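Take a look at this one; I'll ask things after.
By letter and in written order, the chains are A, B, C and D; residue numbering begins at 1 in each of them.
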Amino acid sequence: MADYSSEEFLISVITGLLPEKGNAAVGAASPVPGSAVLLKRELTGGALRASLIQGTANNPFTDGGRELFDAAGQGRIDVFFLGGVQIDGQANLNLVGTGAYPALERRFPGSFGSPYMYFTVPNVILFRPEHTRRVFVEKVDFISAPGVSPPDVHRIGGPKALVTELCLMSFDRDKGRFRLESVHPGHSVEEVRDNTGFDFDVPDNVPTTAEPSDEMLGVLRSKIGREIAGTYPDFAERVLGYRAEMTA
Amino acid sequence: MTDQTDVAALAEQVPDGALVALPPDYSFVPMELIRALIRRGVKDLHAIAVPVSGMAADLLIGAGCLRVMEAAAVSLGEAGLAPSFTRGVQDGSLTMKDSTCPAIHTALQASEKGVPFMPLGGIIGSDIVKYRNDWKVVDDPMGEGNGRILLVPAIRPDVAFVHAPLADRHGNIWVGKRHELFTIAHAAKTTLATYEELHDGDLTEDPVLSAGTIPAMYIGGLARAVEGAKPLGLAGSYGADMDHIRAYAKEARTQEGFDAYLKREVLGGQAEAAS
Amino acid sequence: MTDQTDVAALAEQVPDGALVALPPDYSFVPMELIRALIRRGVKDLHAIAVPVSGMAADLLIGAGCLRVMEAAAVSLGEAGLAPSFTRGVQDGSLTMKDSTCPAIHTALQASEKGVPFMPLGGIIGSDIVKYRNDWKVVDDPMGEGNGRILLVPAIRPDVAFVHAPLADRHGNIWVGKRHELFTIAHAAKTTLATYEELHDGDLTEDPVLSAGTIPAMYIGGLARAVEGAKPLGLAGSYGADMDHIRAYAKEARTQEGFDAYLKREVLGGQAEAAS
Amino acid sequence: MADYSSEEFLISVITGLLPEKGNAAVGAASPVPGSAVLLKRELTGGALRASLIQGTANNPFTDGGRELFDAAGQGRIDVFFLGGVQIDGQANLNLVGTGAYPALERRFPGSFGSPYMYFTVPNVILFRPEHTRRVFVEKVDFISAPGVSPPDVHRIGGPKALVTELCLMSFDRDKGRFRLESVHPGHSVEEVRDNTGFDFDVPDNVPTTAEPSDEMLGVLRSKIGREIAGTYPDFAERVLGYRAEMTA
């Protein structure tokens, strides 16, 4: 097994969650999911289409800022990524801030498109490396986007999985609960439990998350650095060793 | 014909208290006009980000020009939190109307189509809805039993701002594939535009450029501003000055730091002259 | 990637009974594909004109491919009434769902935005509303006392048709300022496109052409068809053959005349071979 | 007074109804209103903007087929033109056909955008040269667009005037009635009455419609032929004596 960085590992974990075809979109400031999507595109020979919303490279949208949301509403976006200042056990996401709204103690940027993408994209992958009780709380202070909805609200999309620096969880929408799927190499179920503020299902045997293959790392380093550099030049250089000669 | 003027005169056309639309930082923001607005001392603006903002909103907030901010998010992106926005919300001096990207696009499209509201899927169950008295969740008004749906009222900005790569003598401006700027221009009562270069000929009659051209009908004022989007970027012309933006994010963490930035980068000679 | 094929194979992808969207005659109609559909013997189509149609609809009607036509108008423009359409409505063989231009645009935009309906101003009091059981007039659902308003249900075509001046190897097509084709492509489940010329490179990455480019994500099939809009025009490439259209308008006034036109201009060698 | 054709006279009558500034739009197959709008644009030095929807010349719209309707909904279109197979005394327009809908005796193309433009454009000028009882009926067989609306329907726009080969009428929206404003040279009030199937107001003194001035005819022939040829080459040549060397 080759050496790899923590980012390369997380890229590999996310890549393993992606479908063999369809459309995957990545929002702003998401180089790890962005790299995973471009890698999966490469591995599928283009059958999985990639849209990096930030920047102009690998961003096929041509109809303005609403096109991503419209496309999601049309059912054309199969995969999207969301995070949060706080995430709770019902997969509610808080991107607004902590404290009692509107008099917040700490204000964050805002909900972006989360309460729409969460309803329209079938496979929303929650990506939040920091795995602490500060992030994974019993109940979020503000629901930017709810994890589950009552039956009288039309909903196609929702949370599929959660990727952190410690583990991979899946989300059962009917039960409204996370389930631990695997723990990353070097970490334990107890560590996950200690650092998670909500209750979740744990199977009897929790496997260790698969490490990236040499082949995957080879493609990632040789081809994806160049691609992701068009959107995230610093990341491409720091993580994937790709120095862009010029970026627009 | 749309009369050509200078940036200071454009800023004079924005009344205190106006509802102004700001493009997102990646989409041709007329930063020189934003600075001119601050120099003119505009007050009590209600700004709507389409659907997010960064430098433009943060400068207006720090300079005390904004009373209300409506946005899906305000952030400096990779440079981190928007310092004046964060401070303004935390100390209660700024009223923030939290929204979400598609709600803002949809509300502008309602104005574009001249209807008082539009439906929007999803969103229900978000606390955003709870705090938006102007939004309404209704049972399927078509009577088809399709459950509840959110209706958002039209947003009609008094003034939209844009910095275009090209403009022509007829008052048309070219913004390429940045079609959210079409929507803003259609939705707003008027649009004030700065531009980088003058195009010889009529942009609406060019078989290729016309696809990215907003016709003069929507443009209420036009002024040339070379490098008018800086320190933000203008795709195809120049990139964002990330060092400048990162330095701003750091310096403006305190109001004193912001004031120093403002004096140095925005008020400039004017502040000197007035002192 | 969108696979490239030929026009006959594109026509095979349209199932009998499909809801198909037709651009207006001035907006890049894939007439060679329309003729291929007739040759394939497609049946029971429900055609939606966006928002009007002429030659394309009239050929499909005359050839017996259409069961239902929805349009704001069907006409050959300066060449006069659309003969097969007129005959079909008058003899009751064609079901016409009368609509109006903005209702069709709005209903497609509802599908574009993934909502089940959209409001539309005006229209109330038109007899069109009386005969559209799928439309609904409601009291202001926002509860603001703004009176009655029309709600129209989303129209989601199974297939949209377009003939583009340019396409590239990635499956993107360029249609310039004909933005109704963006709306159609977004609203439809899939779009089948023919094109005039192959563009070297990626249209979505071209700083100028991208503003008029529909990305491959929406395109379900692509085939080259040189002069594929004729006898209609393709703005920027060739004009409409008005003599041909006027002659058609005259010849097709009877079903016998239409059949002669069809055999000569559409079925061509195929009809010969089958006889 | 110079010689002029009947089309030139009608262009002059319509030009006299146009405002000094704003936006005037002209739908398909309307060379007479189109010429009037381009003439008025020339006479106002561009203060009245012109949009000829048909064709690419003098058509500034860049956002597809919906832009005209959207712009009207935004209140940006000040003048538009409509006609009809039948027009009745309440200014109801029928563009669909004659007979009992849907089993029509004679089918015409359809309503186009009439029921929207009629509600949104403040100055709709009805233009229908043929002045007969076949056209101007007591009650239209099908209302494509209603002339007046009840107060609980939001309406800014509506009919302003009616121009025919015989006369000029205005329309009073509060009364819901036409009023004869002037009769064209060589025609009489009786002739108008005999050929109109609906009742309308007639003032005590009905003036004769003003004839086109030499100056107006000069501008029309010297400048507008060239402009309108981009949209209506046959009309430009036949009526205004302008032969286009090439049209796109």
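In the analysis below, a residue touches a chain if its C-beta (ideal position, glycine included) is under 8 Å from a C-beta of that chain, and two chains touch if they have at least 3 such contacts.
All of these numbers come straight from a predicted model, not from anything done at the bench.
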item: Number of hops, chain A to chain D, where each hop joins two touching chains; value: 2
item: Between the pairs C-D and A-C, the one where more C-beta pairs touch; value: C-D
item: Remotest chain, chain C as reference, centres from CA atoms; value: A
item: Chain A and chain B, separation of their C-alpha mean positions in angstrom; value: 29
item: Geometric centre distance via CA averages, chain C-chain B, whole Å; value: 36
item: Approximate Å spacing (C-alpha centroids) for the pair chain A, chain C; value: 39
item: Multi-chain contact residues (two or more partners), chain A; value: 56, 61-63, 67, 69, 73, 120
item: Touching two or more other chains - residue numbers and ranges from chain B; value: 109, 113-115, 120-121, 146, 149, 177, 179, 182, 210-213, 235-236
item: Chains grouped in pairs wherever the two touch, ordered by label; value: A-B, A-C, B-C, B-D, C-D
item: Residues on chain B engaged by chain D in the complex (per definition of touch); value: 1, 111-115, 172, 182, 186-187, 204-205, 210-218
item: Chain B residues within the chain A interface of the complex; value: 24, 26-27, 50-52, 71-75, 77-78, 81-82, 85-86, 89-90, 92, 96, 98-103, 105, 109, 120-128, 131, 146-149, 177-183, 235-236, 239
item: Touching residues on chain D, where the partner in the complex is chain C; value: 28-29, 54-56, 61-67, 69, 73, 95-97, 101-116, 118-120, 142-146, 149-155, 234, 247-248
item: Touching residues (chain side chain D, partner chain B) in the complex; value: 23, 46, 49, 56-57, 59-63, 67, 69-76, 120
item: List of chain C residues in touch with chain B within their complex; value: 102, 106, 109, 113-121, 136, 138, 140-144, 146, 149, 151, 153, 176-177, 179, 207-213, 235-236
